[in-house]
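What follows is a short report on a single structure.
Lettered A, B and C in written order, each chain numbered from 1.
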Amino acid sequence: MSDSHDPRTGEPVPEMCTDPKSAENAPRPPARQALMTISKATYLKEAALKNLFLVCACVAVAGVALIFLFVGLEGWPIFAKVGVFNFLGGLKWYPTKQFFGILTLIVNSMLAMIGALAIGGPLAVGTAVFLSEVATPRMREIVRPAVELLAGIPSVVYGFFGLVMLRPIVAHLFGGLGFGLFTVWMILAVMIVPTIATLTEDALRSVPDGIREASYAMGATKWQTIWRVLLPAAKIGIIDAIILGMGRAIGETMAVVMVAGNARVIPDGIFKPFLTLTTVIVLDMPYAAGDHRTALFGVAIVLFIISMIFVAAIRVISRFGKGMS
Amino acid sequence: MRLRRNAALVAVAITLVLAGCGGSASGSRTSLTVTGSTTVMPIAEVAATEFEAANPGKRILVSGIGSSAGIEAVTKGTCDIGTSSRDLKPEEQSLGLVDIKIALDAIAVIVNPSNPVTGLTKAQVSDIFQGKIKNWKEVGGPDLEIGLVNRDEASGTREAFSKFVLGTADFDPTAAVLPGTGQVRAVVAQAAGAVGYISLGFVDPSVKALSIDGIPANETMVGNGTYPLSRYLHFLTKGQPTGLAKAYIDFVLSPKIQDSVVRDAGFLPVAEGGK
Amino acid sequence: MRTRERMNKRVTNAIALSVIWLAAIATVAALGTILIYVFINGIGQITPSFIFTWPHGVNMEGGIWPTIQATIYVTGLSMLITTPIAVLAAVYLAEYAVQGRLVSTIRFAADSLASVPSIVMGLFGLAAFVEGMGLRLSVLAAALALSFLLLPIIVRTTEEAIRAVPKYIRWGSYGLGASKWQTVSRIVLPSAMPRITTGVILAAGRAMGETAVVIYTMGTMINAPISPLDPGRTMPVHLMLMAQEGINMPGAYGTALLLVLLVLGFNLTARFIGRRNRRMQG
């Protein structure tokens, strides 16, 4: 473990047990003995501070709870009124006529996400492999900042770009209005590249160099090493990255609403307009009232649950992966 | 000047937020509440700013929540002037409201300039927007799929178009739904098979406005009442307007505002109308 | 190995590597296209009057100053709210926490917060702060909603920064008899400060570009907010509305460019600080 090596010189450093209160060192003297080495005032102060920090850390938990609480409170009446199955399974979203089915929206969101992943995933993994294995340091100086800058561009700017530049091109090349899955896929793919690429690169970097050297020593080409050794070794990290990218794609609103076309049907072609879980909220909220508004909060709950499922999936897969190795 | 403006806007914000349309009762000498249609709101807002600049000390508070809500508010007395982008319904005629027309709105059906079609009947427009007609060749145009462009449900223009053209029928649900006039215009201007509808005042050389039932969409035809897709925008007051309300309404009806603000907002001066 | 296998191996390698190069080039090209397009179309708009005057008229001609003020105000306020809490939370996770159910829950919660779609956060802000706390549409409501969004980001970067401080520095401090808090506050945190700052600046850049959260908590009214209870329209919201209305496209381009410049400026500053720090640390 890196603990026992001096980070600067690499020499091994003997394990020392200096601070009885530090959680890093073991074994340590039993608590009662520790208490006797410091004054009560200091102990109380340290304990108070620790609890303060703990409270701060728990703000995150409080946040999740609050989101569930408030969004849930606003949204649950629609489930009560229409029924969970009708809401989730109903194909018709015509709130003005009391039809509150979001299945169409769910399907559309999935379609958008899968396509974006199919394009952005390989692009991102390729870029990550480039950064980690193929690039010269000078190339790295160009490409890595590019990835980080891509991550920083606000989603509304992506949407704006899609609206004013990409849509006319798609319309010109493929006919129709230029809205639709194809355009959304293009924009979303570029948006999830930084998410997936940075994590994939991290995963690749944490594969020990020894493995690479062993592979080359056996006569493998770079590509063979990457494809048969490194990518499988970094599999868990890559899957995590992809799931995070999926979460980002399905939760994206601003970029999608400007290029999707917003028709409340399942599109019968990749150049036809469609509406998703996220865009329905942003389009309907300005004038929604009563049940309609409640239904939109219901959609928000569904989105929140979907994103938490993704997070849970990552944890489960990571744990499973660690168990395996 | 900046500080006064800031203060004014903060006051507007707080008041709007606190009451939507309340606070001062009608006839108050120094401030006025105007609420209702979001279509009328731009005119009311800009005119209010200019009015306030010309009449220091007076405050006009404008908000937009919908024509029906505006009518209800002015009837109940929770605001001074109600605005509406639709005519009063028969059951609303007897509420004692005074209907003052402040602008003329016409809706033009627009297509791409490369589209050879120059006019349609109202029935054809209705069928196209219901999705019954899917190809331009069915209405005398080229063999090109129709790219239907609709407005969002919050739009007063969509409301009006629906009433004029579709009656009780529904829009084609596979149509693209765009949230702004400019977007509709931009998309139709660029996509060969596209068709949409916007306020006549926003038609520019990038798109072509079709004639409906043989009547071209231009100001003259709208003015003499023959163009079928036109409507007035209304200010409504409970009883004849007096004091500040009357001053503001007269201001909005003055030629200066009618030619600048009303046209800027995409509408036509009410004087253009025959009545 | 036979010659044919050797050749196949080489050919596949060459093809695969070119594809990988293509991927990297495509990514850089995507960035370049977006930046160049926004720059070319927007640069004509960037004049002092655009930056410092107010919009006027129904089509929002003129400048965008109130949106700039609103953006800076809400970003600053949200950073003020989040940073102390996030840094202290990271201190807990990095220095005090023991693996267990509680820490696991905290991390799960932090990850969940980080993955919440921003529109859900916007509706949350609407329900909890605008209506629930009675704040109405205001900078404060938006800042509170934004802080939940930014919390996990700053916690993550701060925790990494703290963990990067070498152990022997702590040992030295404890060896001299310092308490844990003394060590953390006087040795660890100052040492980690450049990286923490980098993380905070990056988070601020993210906050500036947020649209969905702000639109439901701060509103769309053109206003230069002064008190935290004032509503306002931030630059990303302004961009969205201008793009949707579609009538004043030059103004939209100008707003987009200004926004991109601001966000990229923050990004590059953060990287610069990070690089300078790394150089200093050898």
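Definition applied: a contact is a pair of C-beta atoms (placed from the backbone, for glycine too) under 8 Å apart; a residue touches a chain by one contact, two chains touch by 3 or more.
As the structure is a computational prediction, the values presented were derived from the model and not from experiment.
Engineer: Drawing the touching chains as a network, do you get a line, a ring, a star, a complete graph or other?
Structural biologist: complete
Engineer: Most remote chain relative to chain C, going by C-alpha centroids?
Structural biologist: Centre of mass proxy via C-alpha means gives B as farthest from chain C.
Engineer: Cα centroid separation between chain A and chain B, in whole Å?
Structural biologist: About 42 Å separates the centre of chain A from that of chain B.
Engineer: Could you tell me the distance, in whole angstrom, between the mean C-alpha positions of chain A and chain C?
Structural biologist: The mean C-alpha positions of chain A and chain C differ by 15 Å.
Engineer: Nearest whole angstrom, what separates the Cα centre of chain B from the Cα centre of chain C?
Structural biologist: 39
Engineer: Please output the residue numbers of chain A that touch at least 2 other chains, ranges allowed.
Structural biologist: Residues 163.
Engineer: Going by the contact rule already set, what residues in chain B reach two or more other chains?
Structural biologist: 178-179, 183
Engineer: Can you list every residue of chain C that touches 2 or more other chains, as numbers and ranges?
Structural biologist: Residues 243-244, 249 of chain C each touch two or more of the other chains.
Engineer: What part of chain B is in contact with chain A in the complex they form?
Structural biologist: Chain B residues touching chain A: 66, 145, 147, 149, 152-154, 173-179, 183, 187, 190-194.
Engineer: Sort out for me which residues of chain C touch chain B in the complex.
Structural biologist: Chain C residues touching chain B: 54, 56-59, 136-137, 221-224, 226-227, 230-231, 243-249.
Engineer: Using the touch rule from the top, collect the residues of chain C that touch chain A in their complex.
Structural biologist: Within the complex, chain C touches chain A at residues 1, 9-10, 12-13, 16-17, 19-24, 26-28, 30-35, 37-38, 41, 84-86, 88-89, 91-93, 95-98, 105-106, 108-113, 115-121, 123-124, 127-128, 132, 148, 151-152, 155, 166-168, 170-171, 174-175, 179-181, 202, 205-206, 208-212, 216, 236, 239-240, 243-244, 249, 252, 256, 259-260, 263-264, 266-267, 271.
Engineer: Which of the residues in chain B end up touching chain C in this complex?
Structural biologist: So the residues of chain B touching chain C come out as 5-6, 9-10, 13, 17-18, 42-43, 45-46, 49, 178-186, 202, 261, 264-265.
Engineer: Please name which positions on chain A make contact with chain B in the complex.
Structural biologist: The contact residues of chain A facing chain B are 96, 163, 167-168, 171-172, 175-179, 261-265, 267-268, 272-273, 275, 283-284, 286-287.
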